[in-house]
Amino acid sequence: MSGSTYGTVFKIATWGESHGNGIGVVVDGCPSGLALTEEDIQVYLDRRKPGTSKFATQRKEGDLVEIISGVFEGRTTGTPIAMLVRNTDQRSKDYSEIANYYRPGHADLNFDVKYGFRDYRGGGRSSGRETIARVAAGAVACKLLQTLGVTLTTYTKSIGPVDANPKCFDPEEIYRNPFHMPDPVAAGEAAAYLQECMHNQNSSGGVIECVIRNFPQGAGEPVFEKLDANLAKAIMSIGAVKGFEIGDGFAAARATGLDNNDPYGIDASGNIRKATNHAGGILGGISDGSDIIFRAAVKPTPSIAAPQMTVNRSQESQEICIKGRHDPVIVPRAVVVVESMAAVALIDMLFQSMTSRLDKITEFFK
Amino acid sequence: MSGSTYGTVFKIATWGESHGNGIGVVVDGCPSGLALTEEDIQVYLDRRKPGTSKFATQRKEGDLVEIISGVFEGRTTGTPIAMLVRNTDQRSKDYSEIANYYRPGHADLNFDVKYGFRDYRGGGRSSGRETIARVAAGAVACKLLQTLGVTLTTYTKSIGPVDANPKCFDPEEIYRNPFHMPDPVAAGEAAAYLQECMHNQNSSGGVIECVIRNFPQGAGEPVFEKLDANLAKAIMSIGAVKGFEIGDGFAAARATGLDNNDPYGIDASGNIRKATNHAGGILGGISDGSDIIFRAAVKPTPSIAAPQMTVNRSQESQEICIKGRHDPVIVPRAVVVVESMAAVALIDMLFQSMTSRLDKITEFFK
Amino acid sequence: MSGSTYGTVFKIATWGESHGNGIGVVVDGCPSGLALTEEDIQVYLDRRKPGTSKFATQRKEGDLVEIISGVFEGRTTGTPIAMLVRNTDQRSKDYSEIANYYRPGHADLNFDVKYGFRDYRGGGRSSGRETIARVAAGAVACKLLQTLGVTLTTYTKSIGPVDANPKCFDPEEIYRNPFHMPDPVAAGEAAAYLQECMHNQNSSGGVIECVIRNFPQGAGEPVFEKLDANLAKAIMSIGAVKGFEIGDGFAAARATGLDNNDPYGIDASGNIRKATNHAGGILGGISDGSDIIFRAAVKPTPSIAAPQMTVNRSQESQEICIKGRHDPVIVPRAVVVVESMAAVALIDMLFQSMTSRLDKITEFFK
Amino acid sequence: MSGSTYGTVFKIATWGESHGNGIGVVVDGCPSGLALTEEDIQVYLDRRKPGTSKFATQRKEGDLVEIISGVFEGRTTGTPIAMLVRNTDQRSKDYSEIANYYRPGHADLNFDVKYGFRDYRGGGRSSGRETIARVAAGAVACKLLQTLGVTLTTYTKSIGPVDANPKCFDPEEIYRNPFHMPDPVAAGEAAAYLQECMHNQNSSGGVIECVIRNFPQGAGEPVFEKLDANLAKAIMSIGAVKGFEIGDGFAAARATGLDNNDPYGIDASGNIRKATNHAGGILGGISDGSDIIFRAAVKPTPSIAAPQMTVNRSQESQEICIKGRHDPVIVPRAVVVVESMAAVALIDMLFQSMTSRLDKITEFFK
């Protein structure tokens, strides 16, 4: 039962709970020669950081990363890169009450049944803080992708009923507003909607979209290790994610063949180009050279202050109001987590694609 | 670059193309003692079979399975179970024309780029026939699940704009109509809709839903080997699937915490039970004892007779009309494939869950 | 509990028992573009074939291989290559007697305990015939290695107390004598020794040596996926192998540092070269550019006609004499099996080494 | 190219170099409920510690382990267990000289070629200190094995030409003398031999033997995941190990069937028992209920003070004398490393064996 490792040739192993000594990750399989500093990682971790808006958690988290191994004189050595973030702002007593009951929408009861007991402190391994490890690893993967000219742009597409308008897309806006929406008007509407949620002691879900540009064609291994299948697993492994779709996704289910097929044509440079991209950049499980576009559905924060019925550890019904400091929406914090997991999956699949053709392998070993 | 193997402790390896000698699979990790016959497998394969309605492919496929190894005196031995289905009804000349151009919505161009050339015969490894191997393996997994009291019910939830009405759900209806919809009225509407599609030389997408009952609580391995993450990968690996969601899925993204949380209560027998099931049976990546409910979005059949623009192998634009015998909708054939892949993933995860608790391990080895 | 798959990026999955319908293998991860025919595989399978000397099993085995998938117009497509060998010469009644007792030196009792019963026919999955699958896969791996200029030379180094003299090494002799010894004098002595064994209804063990030339430097992944560690696992997985050593092996345990270190020097072409090769071509788990040299210790054939004490299925002591047709020595048949497993491991590790350096990866994707 | 992870269901991932910030490991897949403290781990780490005899390295290493995650109120939670040992006694300048040349018998040149450069400090990832991570993980595995009644006894069987006498075996002696030999007379002879080696600025190899008692019958997965094949890989992955053998090992190659077969009989309690154990506890790759006995051949310490010829980074020949503080023999320090890796492999294989029989699985899930 080992679930804390991800990847085949580019592997990450994570550990740590929100109220243990620290959160960490080992990246095993990063090639040598990549320029890497703690600052490179910190930039990504800071995108997770709460406390940047009145809608985010009041809990202040230092989250300073330390690279323990795998880097020498500013470059990766090819050996495992271990990174550690010590937990600083913890209040065990904040969570002592929940030791006694099972919070709806959380994994409390499942952990009790699976392991025989649980570490109740702050949600343990299923808390949001385990994403620190994912993001640290994702930062390394993103840097690798950058050296190959690949970029990822990830943002909040919707919060509750509020959708970003694709016609008003401004990449600069993504990190100007605390919801990471690329449309300032929608961001304003989301603010109002969340204000109302908080007033009602409630929370909201949302959708995150990720666009990957310049990813090489030909990555993905039929039939089971398809690129979209691996992206789906990586993204669905993020807490609170309840759906994944690529290209037109569930809308394709309602479409016709003529709607959905992307015709091929020759562009100005004489290259084969698809005229449209309903496929979302992946066909037959293999990257097709177009932008890869996928979306993740994030459920509402389960920890809400409003009264809820539940059961306690003595198997008695009980009404609870979850105290503590919780975001009314997970989505903005999850944006960098989605980007990180996508990057890790993409690198792992890109590396595996290198052995598809004998002529290229022979060339490599000359 | 090996993508034809799936699983960690319950593994399947598949091979074969639609116009090679045959399609096959090895199931490696099936425990000994399971009663298994070729008939058990054939039942599942027959659910794939076209030619059962005027809407399905005219191409007659025998698809008789042969168990080559792993079974002795009617029971599995614990050694690998190899199963083979010989290809009988093939017409290479049907496909010779497509050797020259890249069909929109298919993986033709991707295969050319990835491998340097492609086996154009009938779509090769990305054709629908590779699903034979998945279904044969799924039949074994389903039988294992049955011995543990777990059932899977899979059906077409929608075809194009036609939705099955959950209030008119009749499990018997699923295999009475050729669309495998559990609502006879919707099945009739779908028939009309597809008639129109065919008339327009077009095709339709749809959604498949799967409900798993009595699956033990506690399977799924945080953080990366979550049960829903593994189901997502297994289902998204099926050709033409463009989206996966569990429980309320993308609808949860538009909901609030009070809408989405499933409160706990005590039922008549004194067991803890969730009052609702917006989570779809999985919380924190671990099965929670409720029904597991997920959906797969299937895109429209890309091979349509209507004229389409594309490019040929000499890099020239060309208009094509794809001849040959193609279904206007993939969804009904994919129902058993979705059920098969789900079963394989569930068994693999269930087996891995056996080592979660030391007390249970100690008990096992007494 | 899946043990019939080997490899990470170049994978093989095998199936079949000696008295089932056939033996087979899928090679998953062979790059496209390799010229491959059934004849290429048959050559390797024929090196397994008994009946080529009076010392080898009388049981005639046809062993004709059929490639079912993965090859098109004489070249691999990049999709899985399935190969099947039907069992022809089987006599179930030869083995019915052993259904009742546990043969010493065989896995009979272990299989009973592990699986609850066993397929007694001819040793089932632990019989020598499962090596057909290994050799078929090895033939593909060997062909890949050849295109990269790598050669493997494998031979019998000793049978019982008879050692081949390294000073009389003649590669042509290896396949001239039925023992595959590279020294004709030793081959003669081995013949006499085995005659004596057979006369005593006894059997002999031996050692196989393999020399790999021109293997690229830099393959092998510290710390757990070292090249020698992987070779050890691959070779030790072969039935009857009880030891593995590389370079000076166990002799190094008795040596001093000055004896064992290989000093570096500059050769005529100006390249760094080791003056000696006590290391056997691998240092720190990574190939060092010298010849890779390893040895496998093969135990004596356990099935002997001489009387032995054992226990039957009713838990009673019983004296047995194993009838049937058995070789007095396994070693000559295992030579091609050792070469095959080495080739598979080498290709898998070579492919994994392609992602060690960012500069080479960047070059690859230009 | 990820090589720092080991295992399938019980996984370990290690990181760290001798002169980076620290060495660490994550154990992923340890079941919940195991009592575990830092002291449990420290006991094993201390068995590694140099400075306990005049023959061991003068370099003082604190090596205090910290458990960062996975343990709560003295018991494992089922979540990953991360352990960290900070490096304290480092002298970078000790190693600056070796940055310029390639030490014979070390992986220096291989690392340069594989990664494009190397972290020369103290041997980096191929130094002896990476074994800290293995031993920390091994301590957890050993504790798990103990709860199941399994014991491991590991010791030095020989140093150079000095063999421990099996007839004078005293388990208490193993940790009384600094060579960990179970025979005090041999320990004395070894001391004299090593004194001589040191006087000659030379080093010695040796053999380590490990005996595992009470390991359940039936673990090991034919055909590729055999128990001995996995032990071989785990042990051969340890630095300086050049050979592995089980049972009679290479001696079986010189034996006959009558010598080597272990006859079965019924013991006093009415159980089936082998009369001898030439097999070393594993037949057909599956544990047979007898003691599992294997040996590892360890080469002499390559770092010796005696003059050696080598090549420097400017590709010039150069004579060197390696300064610094080095043991004349690796073997005693490696004893606990061999035990650790064996324990990790055994637990991983034992866990995988739980799904061999459907009847046992059905029982488990009742």
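Per-chain residue numbering starts at 1, and chain names A, B, C and D are given in the order in which the chains are listed.
Keep this in mind: a residue touches a chain if its C-beta (ideal position, glycine included) is under 8 Å from a C-beta of that chain, and two chains touch if they have at least 3 such contacts.
Labels paired with UniProt names: A, B, C, D = Chorismate synthase.
Because the structure is predicted, anything quoted here is derived from the model rather than measured.
Comparing the chain pairs C-D and B-C, the larger number of C-beta pairs in contact belongs to C-D. Looking across A-B, B-D or A-D, the pair that copies the A-C interface, with over half of its contact pairs the same by residue number, is B-D.
Inter-chain centre distance (chain C (Chorismate synthase) to chain D (Chorismate synthase), centres taken as mean C-alpha positions): 26 Å. Chain B (Chorismate synthase) and chain D (Chorismate synthase) have Cα centroids separated by 45 Å.
Between chain B (Chorismate synthase) and chain C (Chorismate synthase), the centres computed from C-alpha atoms are 38 Å apart. Multi-chain contact residues of chain D (Chorismate synthase), defined as those touching 2 or more other chains: 1-5, 8-10, 14, 29, 31-33, 78-79, 114-116, 125, 222, 352, 354-357, 359.
Of all residues in chain D (Chorismate synthase), only 1-5, 7-11, 13-17, 20-24, 26, 28-29, 31-33, 66, 68-70, 72, 75, 77-82, 84, 114-119, 121, 124-125 touch chain A (Chorismate synthase) in the complex they form. Within the complex formed with chain D (Chorismate synthase), the residues of chain B (Chorismate synthase) that make contact are 8-10, 29, 31-34, 76, 78-79, 144, 147-148, 216, 222, 350-352, 354-362, 364-365. Here chain A (Chorismate synthase) touches chain B (Chorismate synthase) in the complex through residues 1-6, 14, 102, 104-107, 109-111, 113-116, 125-126, 130, 134, 158, 160-161, 197, 200, 202-207, 217-218, 220-226, 228-230, 232-234, 236-237, 239, 242-250, 252-266, 270, 272, 274-275, 279-280, 283-289, 297-304, 306, 308-311, 315-317, 352-357, 359, going by the rule given at the top.
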